[in-house]
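Note that the chains are named A, B, C, D, E and F in the order they appear, and that numbering of residues resets to 1 at the start of each chain.
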Amino acid sequence: MIMLPTVVRNLFGGPATRMYPVTTREPFARARGHVEFNEDLCNQCGTCARRCPAIAIDLDKDKKEWILHPDRCIICEVCAEVCPKDAITIAPQWRAPFYKREAIIYHSKAVKEKGEKTGE
Amino acid sequence: MGIIATSRLKSPWIMHFDNSSCNGCDIEVLACLTPLYDVERFGIVNMGNPKHADVLVVTGPVNRRTARVLKNLYEQIPGPKMVIAVGTCGTSGGVFHNCYNVLGGVDKVIPVDVYVPGCAARPEAIIDGVVLALQKLAKLQGVAL
Amino acid sequence: MDYNWMMAVAILLPVVAAILVYILRQYHVRGIIVVVTAIALIINSILFLLKGSQTFTPANAQLWDTVVTVLDYLILLFYIYAGISLKNWLVLIFALTQIVPLAYFEFGMGGKAALEAINPTFVVDHLAIVMTLVISIVGSLICIWAIRYMYDHEHHNHIEKSRQPRFFFWLVLFLGAMNGLVFANNLIYLYFFWEVTTLVCFQLIAHDLNKEAVNNAARALWMNSIGGTGLILAMIYLFVKVGPDSLSVAKIISGGIAPALLLLPVALLCFTGMIKAAQMPFQTWLLGAMVAPTPVSALLHSSTMVKAGVYLVVRLAPAFAGTKLGIMVALVGAFTFMAASGLAISQTTGKRVLAYSTIANLGLIIACAGINTPLSISAAILLIIFHAVSKGLMFLCAGTIEHIVWSREIEDMEGLAAKAPMTTAITTIGVLSMFLPPFGMLLAKWLALEASFTIPLAGILFVIASAATIVFWAKWLGRLMQVLPKLGSKIESLSLSYTVPLWVLVLGIFGLGLGVGPVYEGLVKNAVANVIASGQALTTSATGIVVNGVTAVSSNPSFAVGSYPVWPLFVVFAVGILIPFIFVAVKPGELRPVYLCGEQVEGADADEWYSTADAKTKVQLGGFYFKGALSEAALNPWTYTLSIALLVILFGVVFLAIGGAI
Amino acid sequence: MNAWIIAIVTVIVAPFIGGLLAGIDRRITARLQGRFGPPILQPFYDFFKLLGKAKIASSRLQLIWIYGYLVFMVTALLFLVLKLDLLLLVFVIGFAGVSFALGGFSSKSPYSHIGANRELMQMLAYEPVLLLFALGVFAVNGSFLISEIFNNPTPLLARLWPIFIAVLLILTIKLRKSPFDLATSHHGHQELIKGIMTEYSGPYYALIQLTEWYEYVLLLGLVYIFWANPWWAGLIVAAVAYILELLIDNITARMTVGWAVKFVWSVGLVLCVLNLIYFWLLPIKGVS
Amino acid sequence: MAPRTITPFGPQHPVLPEPIQLKLELEDERVVGVVPAIGYGHRGIEKACELNEYPKNIYLCERICGICSAIHGMTYCDVVEKLWPLEIPPRASYLRTIWAEMARTHSHLLWLGLLADAFGFESMFMQYWRIREKVLDILEITTGHRVTQSVSIVGGVRRDIDDDQKKHCIEVLKDVRKEAEALNNVLVNDYTVKARTVGKGVLSYDQAIALGLCGPHLRASGVKEDCRTQGYWAYGDLSYEPIVATGGDSFSRAAVRVGELYQAIDLQLEAFGKLPEGELAAKPKGNPPANEAVSRVEQPRGEVFYYAKGNGTRNLERLRVRTPTYANIPSLLVMLPGCELADVPIIVLSIDPCISCTER
Amino acid sequence: MIDKLKEISKDQLLAEVKKYADAKARFVTGSANDLGDKLEITYFFNASPGMDLSALRFSVGKDEEVPSMTGIYLTAVLIENEMKELFGLKVKDLAIDFGGHMMLAQDSPVLPMLKTEEQLAAGKKGGN
C-alpha cells in the first residue's frame, strides 16, 4: 500500500526512459569510451604494449605497425597515460559492437631511427 | 511465414548467463531492463530459462567449469537462436588472459553472433549489440528490420 | 425365471460357490467357479431390474427363521471367542453387548414373535435393485480380478500353504450376504446379514495373519459391533414402543408410525449405518482395513459393504424427513466429507488416500440423505452407483500398480507412466472420473451442491471438501506422470484376470457417464421415488440434465435451477484429452533434458546434474504432503472433537424431541 | 443455432481481446514502474514468434495436458457466453487448472514439479471462493444459470459485494499477479524460474499464452456479471477491477503459498460465508 | 521413507545474478539440507597477480568484482603502499573516500533493488535501479566510467574532482537521498515486504561472531564492527559511527543497508565540504620492498582483506584477497535449513553475495 | 610488517585457535604461501568487537598433515579447502570436504598456486 503513491506518480508522470537509440545522450566529456590512436605521433617505443594489463596492444616493429585488439581492450586509460608522445587518447564515445573479432592495424609514422634507445 | 519472421525480430527474449564475470557487465545487462533504458520497448524480456530464450547474452570469460554450463544452456535453447558475448572478457578473456582457470572468450565454447566490447559494456552498447544481432537475423530471414 | 430361483441365485448361490471354492482347491477350478458365479450373479441382477419392484417371503419361512437365529448366535459366539483368544477386551465387550440384549429380546421379551409378524421378509424395490446391480456387477468384477491378484500376492510373499480357498470362501460368500442385506425387510434378517458382513470383514482383514492385520481386523470388529448393538437397541425400542410388526423397514418408512416414536430407533439405525460407512469419528476401522489384500478393500471397503451403511441411511430418509435429526445427519455426513478430504492430502500410501476418499464420499452420500430433497436423494443414489464403479476401478488400479511396483506408497509409483502405460492410462481415467467433469461422480457432486441450499452449512462444508479433493487426486496423478523424456515405453502385459475387469469398469465409467440420462430415467428415478415421493427433480434429454426448479425454489415449472450438458462435456473431454493423447507425438530429436540450471548431465534421458565437486547427483522429486499443517496428528484432535460433538448433538436433538413429545 | 454462432464468434474473438488485454497490462505495468513499455501488440508478436520456434519437449505427456488446459478453458468461457450453469463453470475451470498442474507434473523437472504443487495449493485457495460465489448467485437469483443473472434487473454487486471482494482476490491469483504470482511467475524472476511453464517452450508455450488470453476474458467476464444490467456497467466494473489488479501487482511483494491459502481462506472465504449467511437468514427468492 | 526433493539451485538461475549452486534438499517446500557448490567464478586472479608487474594488478584487482570495483582497486593500492610504507597526499585520501562512498551508494541501491526482485516486488526493483542510474552518472562524470571506475593508482588517485563536478555531485546526492527515502519507507514499513523479510535467516550475536561474518551482515546481528572505524584515508577526519541493527534477520540486514545508504551520502557531503587542496599522487620509489602488509577496508558488502608480500622485484611474491562474501557464505549453511524454498532467494541475497569476489 | 603475529608449530595450532574461539574472536581468513620446500600458513583473527587484528603463523612440509580447524570455526571450511586444492596442503578432518574440486574443475591445472622455478628464483634474488 505504501508503494501506491510512487507507482501512481510514475503512471501520470510519464516514463523515465531515455529513448535510446532514437535519441542518444552525448557521452560525458572525460568518459572512457574507446582508444584513439594518432599514427603521426607514435614512435613505436612500446611502453603502451608493455604496460597494457590486457595485452590489447601489439607492436610489429618490422612492419612499423601499431596493432590494437578492440576485443581485448579494457579501456583502463593506462596506455594513454604512459604514452610519452601523447599518440594515444581515450575518446568518450563507446566502441560499437561487431560481428567478428578483428585487430585494428595502424602504421606508426614518427618512428625513430633504429638503434636509438626507446624511452619510458 | 512472414508474420513469424517479423515477430521474431520484434520479440527477442534474452537469457543472461554470467560465466565468471566480474559482475560489471551483468549489472549493466540488468540495467538495460530498468526504467532508464527499458529494453522491453523492443519486446526484449529477460527470461530466466534457456527453454524460453531466443538470445543468449553471455558475460565474462569462460572458465573451466562454466564452459560445461554454457554449452548445456546453449543446447537447451530452441532454434532459431543468437548469442551475444557482452564485455571484453566475454569477447576474448580480456584482463584475465593469464589466469590459469580461464579458457578465454565465449567463442571458445559456443558460436557467437555478436560481440559487444567494453569493460564494462555500457547499456547503450548492449542495446546496439542486440540490434546488430536482430539485423543479422533479419538478413538471414530476408525480411526488413 | 421364477422369483424363488432369482432370490436363491442372489443369496444362496454365492454361499454354495463359496463352499465349492473352499473344497476344490485348484487354481483353475477356483477361477472357473468364480467366473461362472460372477456371470450368473450379473445376469440375475439384470433380471431383477427387468422384473421391477417385488416382495418375497421364502416358502419355508419358519425353517429359515430358525437358521437365521441359530447362525446369529454362532456368529456372536465366534466374536466372544475371538475377543478372548485375541485378548481384545473391546471385541469381547461389544460382542456381549450384542448377544446379551439379543438373547433377552428374542427369548426374554418374546421377540421371536416379530419374526413371524413381519410380511414380507424381503422387499425388492428399485433402491434395492440399484444396490444389487452394484453388488453383482462391480462385486463380481472385483472377484474375477482377485483370482490373479491373490495368486500373485501369495507368490510374491512366498506363502507355501495357500490360503486362497479360505480367502475366496469369504469373498464370494460376502456377495450373497450383501444381496440379502439390501433385500431384507425384516429387521432381524437385516441384522443377521449385517453381522455376516461384519464377520466377513473381520476374516478378510485378518487374512494375512500378521500382527497389524489382526489388530486392525479386531478394531473393525468392535467398532461394527457397536453398530450391531445399535441395531438391536433399535429393534427392542420399536418392539416395545410400537409392536412386533414394526420391525419392518417398509413399515418404518411408510409413515404408519408416529414420528415421535420413530425418532430414536431411526437415529440408532442411522448411527449403525454411519459406523458401517466409517463416518467420523469411526473412520479408523476403514483406514486400518487397508492392510488387507486389495480385492478386500475394493469389494468390502469401497464399492459394496460400506455402501450398506449409506444404503440404510438413504433408505430411512423418509423417516427423518423434516426433523432436526435430518439436519444433524446431513452435518455429520458433510463434516466427514470435508475432514476426510482434508486428511487425504497428507497421506503417503495410495490405499489410504483411497480409503479417505471413500470415507469422504460416503459422508457426502449421507449428507445428501440428510438434506432429503428429491434432488439430493437423486444425487445420493447416483453417487452410490458412480462411486462404486469409479472407486472399484481405483482400488483395482491401486492393486495392479501394487503388483507392478510391489509397493503401496505413492512415492514409489513415480514415473509409472513409463513403466506401465496402460495401467497408468486406466488409473488416470479412474482418478479423473472421481472429481472432474464430464464424469458421473462430478455430476452427482454438482447435484449435491445444487441441492445443498436447504442446509447452508452443509453447502459450505461441501465446497471446502471439493477443493481438498482436487488437491489430493491431482497430486497422486501427478506422481504417476513424472517421467523422464524417454520415448515409446512398451505397453505392459498383464493377466486377463486383471485387464478384463479394469477395462469393463472403464467402459462402465464412460457408458454410465454418457448414459446418465437413461440410467436416471430407467433406474434412479424409480429408486428416488422409493425414498421420497414428491415430484421429479431432474429432466433428462439426449444431451444433458436440467435441474428443475419445481420443487426447489420456484412454482414456475419451466424455471431451471441448473443444467449439465453431459454429451457436450464428453465431446470436450475427447477433444481436450483423448485426441491429444492419441495424436500428440514427439520426435526423438525434439527431446531435451529438463532444465537443471545448466548443470544437467548430457543426454536426453539423464536426470542427473553436476553438483558439489563436479559429482553427479540424481534429481529426486518428493511429493508434497503438508505433514506440518494437514497431517493426521495435527488435524485429528479437531476432527475427533467436532465429529463427536456432532454425534452428541445428534442424539441430544433426538432426546430433546422425544422429551418434548412426551 | 444462434448458440452455435455465439460460440464460434467467441472462440475466434476472445484471443484477440485477451491478447490486447495482455498488451495493455504490460504497457500499464511498465508505466507504473516508470518505464516506457512494449508496444500494445507485443503479446501477439511473442505468440507468433513462439509458434515459429523449434519444437522441444522433455516428455510427451506434458504436451497432452496443455491441450486439456486450453480446451477446458475455452469451454468455461463458452459456458459464460452461452449463459449456462455457473456452478458447473467453476468445475470446468477446475479441470483446466488440474490439467495445467498435471502438465507441470509430467516431467522430471523440480521446478515444474514444485510449481504444480503450488498451483494445486492455489486451487485449494480459490476453488471454495468460486463455488461459494456460485452459491451466492443462487441465493440472489434462485438459480445457478447465468442467464438468470442477465434477467435480473438488480446487479449482483448490490447484494454480493463481499463476495465481489473475495472474487477480486481470486482474480489476483488467476491473473498470476503479485502477491500471488507463485506457481508460474510472469516474469520468470523467482525461485522456481517459471514454475510449471519451465519445461514448455516454443509452440507449446504459445498454447499456454493463448489459454491465458482466453482465461483473461473469462475472468473479466466473471467480474462483468456482477453488474450485467445495463450492459455497459459491467464493462466499467471489469475495467476498474483490471486496473486495480495491475496496481496491486505493483505495490506488493510476492508472498508464499502457505500465506496465500491462509489469507484467501481467512479473508475471502470468510467474506463469502458472511455474505451467504446474510442471505440464508433472509428467505430465498421463491422458496415458500 | 522420506519423500524429499533434491534439486539444484543455480548456477544459472534467474534470482541469482551470479553463478553459484546450492544443492537443496526439500521436504515439501521446507529446506532441510543445503550444500553449496562453488567454483563457477574461479579465474585464478591471485596467481595472475603474482605473474603481473605490480602496477598492472590494479586493473586486475578492480575486476575481481565489478560492483565494488573502485574499492578493490583502492585497497590493492593501499596494501602495496603499506609495503614501503608510502604516504598518500590528503586530497587523494579524501577523493578515495568520496569515491568509495559513492560506490557504496550505488552498490546499496543495487542490492536493495535485487532484494526487491527476490521477493517479486518488480516495481520496487525498477525504482531503486532508476535512482541508482543517477549515482552512476556522477560516478561516470567524476571517474570516467560507470562501473569500473579505475581511479586509484599506487600513491594516490588518477583523477580530480573540480568545483563544477563537486557542485553537481552534491545536488545529485541530495536528490538521490530524497527519492530513496520514499522507497526505503516502503521497504521498512510495507506489510508484504516485512512478511517476507522479518524473521528470515536469523543469526544471533554469538553466531555472527562464531561464523566470522563481516559487513552489514555482521552489523545486522548487533556487532558494532566496521573497518572504517580504523580511520584509514579520510575516515578519521569524518564523523563516523557504524550502523547496527539487532534483529539478525533479513529485515535487519536491509535496515542496516538503508541506514548506510543515507550515511554514505552524508559522508560524501561532509567530505566534499572538507576536501583539501593539494597533490593527487605520491610517486613510489623503486619496487615494493621485501615486506608484508595487511589492509582491511570496508566495502559495501563488508570487510575486504588484502595481504601482500613483496620481495623487492616488480612482482609481488604473494597477494591474498579475502572478500566479504568469502566470510559470509558459510553462514548460508546455518541460515537456510528450516526455511521455505521461497525464502531461499531472500536469505541468499541478504548476505549480498558477490561470487566473483569470493572465487577470484 | 604485521602486528601481533605469533609463530607457532602446527601441533600447537588447535590449542591456539581454541584460545581465540574462547575469547570470542572472529576468524578473518588464512593465507598460504609457497616457500619452495615448505608451505607457510597464516591465520588471521579479529578480537571482536573492534578492529584488532592478530595472526598465527606456522610452516609445514608439503607432505605433512595439518589438523583442520573447521571443528572450531566452521567458517574456515572454505579457506582450508582452498589451500588444499590450490597449494596441496594436506588438511585432516575437514567438516565439508570438496575433494579438491571446490574451486577447480576436473580439467583445471593441478595445484596452480605453487610457485614456478622462475618465481622462486626471482623471489630469492629480490629478497636479498
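Structural remarks
In the analysis below, a residue touches a chain if its C-beta (ideal position, glycine included) is under 8 Å from a C-beta of that chain, and two chains touch if they have at least 3 such contacts.
All figures in this text were calculated on a predicted structure; none of them were measured in a lab.
Listed by label, the chains touching chain A and chain E alike are B, D. Put simply, the chain farthest from chain C by mean CA position is A.
Of all chains displayed, D has the C-alpha centre closest to the centre of the whole protein C-alpha set. Ranking C-E and D-E by contacting C-beta pairs places D-E first.
Each chain gets one centre point, the mean of its Cα atoms, and the points for chain B and chain D are 35 Å apart. Centre-to-centre separation between chain A and chain F, using Cα means, comes to 41 Å.
Averaging C-alpha coordinates per chain places the centre of chain B 26 Å away from that of chain E. Separation between the centroids of chain C and chain F, computed from CA atoms only, is 70 Å.
Residue positions 1-3, 7, 10, 15-17, 19, 53-54, 74-76 of chain A each touch two or more of the other chains. Within chain C, contacts with two or more other chains are made by residues 592-593, 595-596, 598-599, 612-614, 619, 621, 623-624. In chain D, the residues that reach two or more other chains under the touch definition are 30, 32-37, 54-56, 110-111, 113-114, 117, 187-189, 193, 198-199, 250-252, 258.
Under the contact rule defined at the top, the touching pairs of chains are A-B, A-D, A-E, B-C, B-D, B-E, B-F, C-D, C-E, C-F, D-E, E-F.
Against chain E, in their complex, chain C makes its touches with residues 348, 409, 411, 596-599, 609, 611-613, 617-628. Contact residues on chain C toward chain B in their complex (touch as defined above): 592-593, 595, 598-600, 602, 610, 614. Of all the residues in chain C, the ones that touch chain F in their complex are 612-615. Of all residues in chain B, only 15, 17-28, 30-31, 34-36, 46-50, 60-61, 63, 65-66, 69, 73, 89, 95-96, 98-102, 119-120, 122 touch chain E in the complex they form.
If you check the complex, the residues on chain E that touch chain C are 1-13, 21, 23, 26-30, 35-37.
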